[in-house]
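Some structures to go through are shown next.
Look at the two complexes coming up: chain A is in both, with chain B in one and chain C in the other.
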Partner chain A sequence: MTTTALVHVVVSGLATGSIYALMAISLVIIYNATRTLNFAQGEMLMISTFVGWSAHEALRLPLPLVLLIAVAAAAALGWLVERLVIRHAIAATHLDVLIITLGLSLVLRAAAGLVWTHDEFPFPSFFRERPIGLGPLRVAPVSLGIIGGSLALMLALAALFRWTRLGRAMRAVAQNQRAARLMGISVERVYSASWVLAAVVGAIAGVLIAPVIFLSSKMGLVAINGFTAAVLGGFGSMPGAVVGGMLLGVLENLAPLWLPAGIKHSVPFLLMIAILVIRPSGVLGRVRQRKV
Partner chain B sequence: MRTLLTVLALLALLGAPPAGAQTPGVTDAEILLGGSNSFSGPLAFTGEQITKFGVDLYFRVVNDAGGIHGRKLRTVYYDDGYKPQEAVANTRKLVEQDKVFALIAPQGSPPVVATLGYVEEQRVPMLFPYQSSPVTRGKKWVFQGMTVSDRSSRMMVDYLAGQRKIKRFAAIYQDDEYGKSFLAAFEKDLGRHRLKLLAAESVKRGVSDVSAQIAKLQAAKPEVLFLVLVPGPAAQALKERQKIGWKDVLMVSTGPLTDERYLALAGDAAEGVEGLSLWPDPVTSDLPGVKRYREHMTKYFPKNEPNRYSVAGYFAGMLFTEAAQRAGRALTRAALVAALESTKGFESGILPPLTIGPDHETQKQGFWVRVEKGRFKQLTDWLRSE
Partner chain C sequence: MSATLALEGVAVSYGKRRALDGVSLSVERGEIVTLLGANGSGKSTALRAISGLVRPARGRIVYEGRDITQAPADAIVAAGITHVPEGREIFPEFTVLENLLVGGHTAARRDVAARVEGAFELFPVLRARRAQLAGTLSGGEQQMLAIGRALMARPRLLLLDEPSLGLAPMLAAEIFRTIRRINEGGVAVLLVEQNARRALRLAARGYVLETGRVAVAGASAALAADPRVRSAYLGLASAAGR
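Take a look at the complex of A and B:
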């Protein structure tokens, strides 16, 4: 294996890893606000990407507009799902909401099949695929583009959480709902906002990854890797989600290079078990110390 | 006592088979066929095209022309999502509850293989399964549809190693029955040419990146890389090759893969790819059967684009109709099997004249194609596997 090939494999892994990280972040955003897992996250990504693509097919819009439409569709979908379904189950247990989102994911996938069929479609890309030389190395612009785009989005999210009122409210609700409510924060609005925000992150991830894994009703399955990434990094931690996603993407790519065919696909999960045994709270998760 | 007797007599009447309807699925007015297929999961598009836009398309043509010996054709399909256990449950339901006359065009090696035992035991004809594993060979009630993997492999290897004198081969394959049956066949056929596979890398089904596999395969320096994949991952493999600028290799796709969909997905990364095509080009071919297929598609399903899967289903419908016509008005399952077995030189206008032998295989050939400007260009006449 030459260094050039190795670098390419790692960069490719970082690109898919960035998408896992974005999925992990969107799961964590909802989890932190509402303490529930959204199993329909992947399907929401799929639907919003399809909406963007439909606009592209029908009106031949340029790609930046397509991205905007996908984001708008995602925001609307996230808001609707929260207001029409999840809000009504506010008194239910987390397990009930989890089952609701699981059902929702099946409904959305079936609906997408009815509207757009279960076929796979090519999706236009912001970036080119033919490699460019960087010194002795060769990298594909599409991989760099996905990594760059994801990092930019992550920075924007970090800024939002740190410096805006909404971000502070979301962090407050994540830490202690009752205290947040007593401070005058509308917890319901935070719920709503986190569903919208998570859906928007998903839509951007969808538009970035669709040229690589193609647009189809089953592309939402990428959320499973996002979930693994979130657990790897320590569920609830944003930096953890990023580290977990990148780690998973690179590992998935490196494992097949040296390990026999029979075991390579299970490496991410073996790693996840190992990390959970050694550090049950994940790589960057908060370790909870209980006083006796 | 009299009441009891009356009740018993009524029950006996109800339980008795109505006269003249011994063959399941065949009444005076109609013939009922059914199948378990993928309407969700990875092969949902294929499944829908084969059945609802292929088999049913031909059956609509037949029904509008008066049916087969006065009987209209009706179909019922259930979704197995490419899962063997669902396929078994669906098949039992079709045979025991719906009482179909025969099973038509089920799809995918794992689901089809799981139902073979039951089908043979129940003596229900299974017509033209759309899958490539040779395990259907030699079954009394099964008539294989697609060219099976060992025949495809023989044609591909003989053409490349024999006519084109290529020596270095490698493969990237899907980690399931489809991939493995091809891999075993490649090893065997390359062995006959005193060659072997230099490297073989597997791809798991679902979302993944194939950069590691392609990097390893490139290190083995093959002249030909066989793609034994489904459209999505295959297009990813082609794009990956473009990403690393790997030029001195010929990518060759297997029969089940060689279709327009994967060309559309791969875009310009598909230029120069070669492969074994099992069907004539559904859009451009001017064979009489393919032209009729296009006319019928425009008439009945104007919104549905022509593709290889609906051609395959259309051909299956045609072959069933032809045999059922010859089996006569007194249609039974055994009579259908006998009629199929006596098929000689059947002209479909789509595939070469078909004679069905004791192996019950209805498709044994393919021809070589190369992708030029986004379409398959035919390079050879039909290659034979016998």
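Take a look at the complex of A and C:
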């Protein structure tokens, strides 16, 4: 195995990992605010990417506008799902809400099939196909683009959580909902904002990854690896989601080099089982002490 | 005199258990009022009803002439009432400064820096610990942070639930001195406190709750002299002086 080939594998692993990280972040955003796992996260990504694509097909819009439309569609979808479905289940158990989001994912996938069929479509990319040379190394622009775009989004999110009133309110709600209410924070508004923000992150991930994996009603399955990434990093931790995503992406790409080629798609599950056995709180997770 | 806060026949139930059973009380402008009573008598529930954490089944809560009985908790903070809950409930994963900033959630952005400065002046130890995670503070420091955080919304009525609980006597005395200072700044205080003697020294008036009802009410001096209060809450068997 030459160094250049290894670099290539690692870089494309980091690109896939960036997408997993974004999916993990979007799951964690909703989980931290509402303690709900959104199993429809991948399907929401898929629908918003399709909406952007339809705008592109119909109006031949430039790609930045397509991204904007996908983001707007995601924001609207996230807001609607929270207000029309999840908000009414506010008193239900976590398991009930989980089943609701699972049902929602099936409904969204079926709806996408009706509107756009279950075929695969090529999606325009921001980045050129031809590999670029960095000295002796050759890397695909699309990989660098995905990594760069994802990192920029992660930095923006970190700034949002650290410096803005909304971000601070979201972190307060994650720690103690009742105390957050006593600060004058509308917890309901934080729920809405979390669903919108998670959906928007998903849409950006969708537009970044669609040129690589093709646009289809099945593309939402990428969220499963986002879930694994979040568990890997320690569910609830944002830095953990990033580390978990990157780790998963790289290992998934490296594994076939030494292990049987078919192993690639089993890597997430093997990793998940391993982490749950060895370190259930995740790489960066802390064992939270819960008051009874 | 116009009441800052008035509860009129407020009843609250948790499931089948009735925690408050028709409580009426008032806090006048700029006054310190204390709520006394045994554990489970409904003191904390009364504060939670005022701050909108629990909904009364009956009765009315009026603040500065406005009916806030059904108002959501965030609107009540914005209206000028903040609640320092029992157990402090500071945000452990936030720094001291972030706790104060989140306390200013409803404040105008341009006022926040000055209010943080005000909290640091009231509790200088918080300035020294501003970058420290709040979860690592001592109990007394957490209580100071909880009060400082509640003042960030610039309340006109402060609800305090057991501010001296678990604190060493000297720290408790300091907290009580600070409550008086806050009150002298024009903030009315409704104080729930285990230490009845201290509470009655600080407050002008008091109410004694028993199983969700007001059993005795009156000026602090009168309550301190009331034989029932003396035996039940001041630990004095008879009229023997301190």
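Heads up, the rule we're going with is that the second predicted complex is superposed on the first by the 281 of 292 C-alpha atoms of A that agree within 3 Å, B and C clash if a C-alpha of one lies under 4 Å from a C-alpha of the other, contacts with A are read in each partner's own complex, and residues count from 1 in each chain.
By our rule, contacts are C-beta pairs under 8 Å (C-beta built on N, C-alpha and C of every residue); 3 or more make two chains touch, one makes a residue touch a chain.
Not measured: the values here are computed from a predicted model.
J.: On the A-aligned overlay, A:Asn38 touches which partner chain: chain B = first, chain C = second, or both, or neither?
T.: A:Asn38 contacts neither chain B nor chain C.
J.: Go through the superposed model and pick first if A:Thr16 touches only chain B, second if only chain C, both, or neither.
T.: Once the two structures are laid over each other on A, A:Thr16 reaches chain B alone.
J.: Who contacts more of chain A, chain B or chain C?
T.: B
J.: Does chain B (first) or chain C (second) touch A:Ser105, or do both, or does neither?
T.: neither
J.: Could you say whether A:Ala169 touches chain B, chain C, both of them, or neither, answering first, second, both or neither?
T.: Touch partner of A:Ala169: chain C, not chain B.
J.: Looking at A:Ala179, would you say it contacts chain B, chain C, both, or neither? Reply first, second, both or neither.
T.: Once the two structures are laid over each other on A, A:Ala179 reaches chain C alone.
J.: Determine, under the contact definition given at the top, whether A:Ser26 touches first (chain B), second (chain C), both, or neither.
T.: Touch status of A:Ser26: no partner.
J.: So, does A:Ser216 touch the first partner chain B, the second partner chain C, both, or neither?
T.: first
J.: So in the superposed three-chain picture, is A:Asp119 touching just chain B, just chain C, both, or none of them (first/second/both/neither)?
T.: Only chain B; A:Asp119 stays clear of chain C.
J.: Figure out whether A:Leu257 sits in contact with chain B (first) or chain C (second), or with both, or with neither.
T.: first
J.: Which chain A residues come up in both lists, the one for chain B and the one for chain C?
T.: The answer is that chain A has no such residue.
J.: Per the contact definition, I'd like the list of chain A residues that touch chain C in the complex.
T.: Chain A residues touching chain C: 165, 168-169, 171-172, 175-176, 178-187.
J.: For a test of understanding, state which residues of chain A touch chain B in their complex under the given definition.
T.: Against chain B, chain A makes touches at 1-2, 5-6, 8-9, 12-13, 15-16, 109-110, 113, 117-122, 129-131, 138, 140, 142-143, 212-214, 216-219, 221-222, 225, 249, 252-257, 261, 265.
J.: Which stretch or stretches of chain B touch chain A in the complex?
T.: Chain B residues touching chain A: 39-42, 44-45, 48, 175, 201-202, 204, 206-209, 211-213, 215-216, 218-219, 231-232, 235-236, 239, 242-245, 261, 264-265, 267, 269.
J.: Which positions of chain C touch chain A when the two form their complex?
T.: On the chain C side, the touching residues are 51-53, 72-74, 77-78, 82-83, 85, 89-94, 98, 101-103, 105-106, 109, 149-150, 153.
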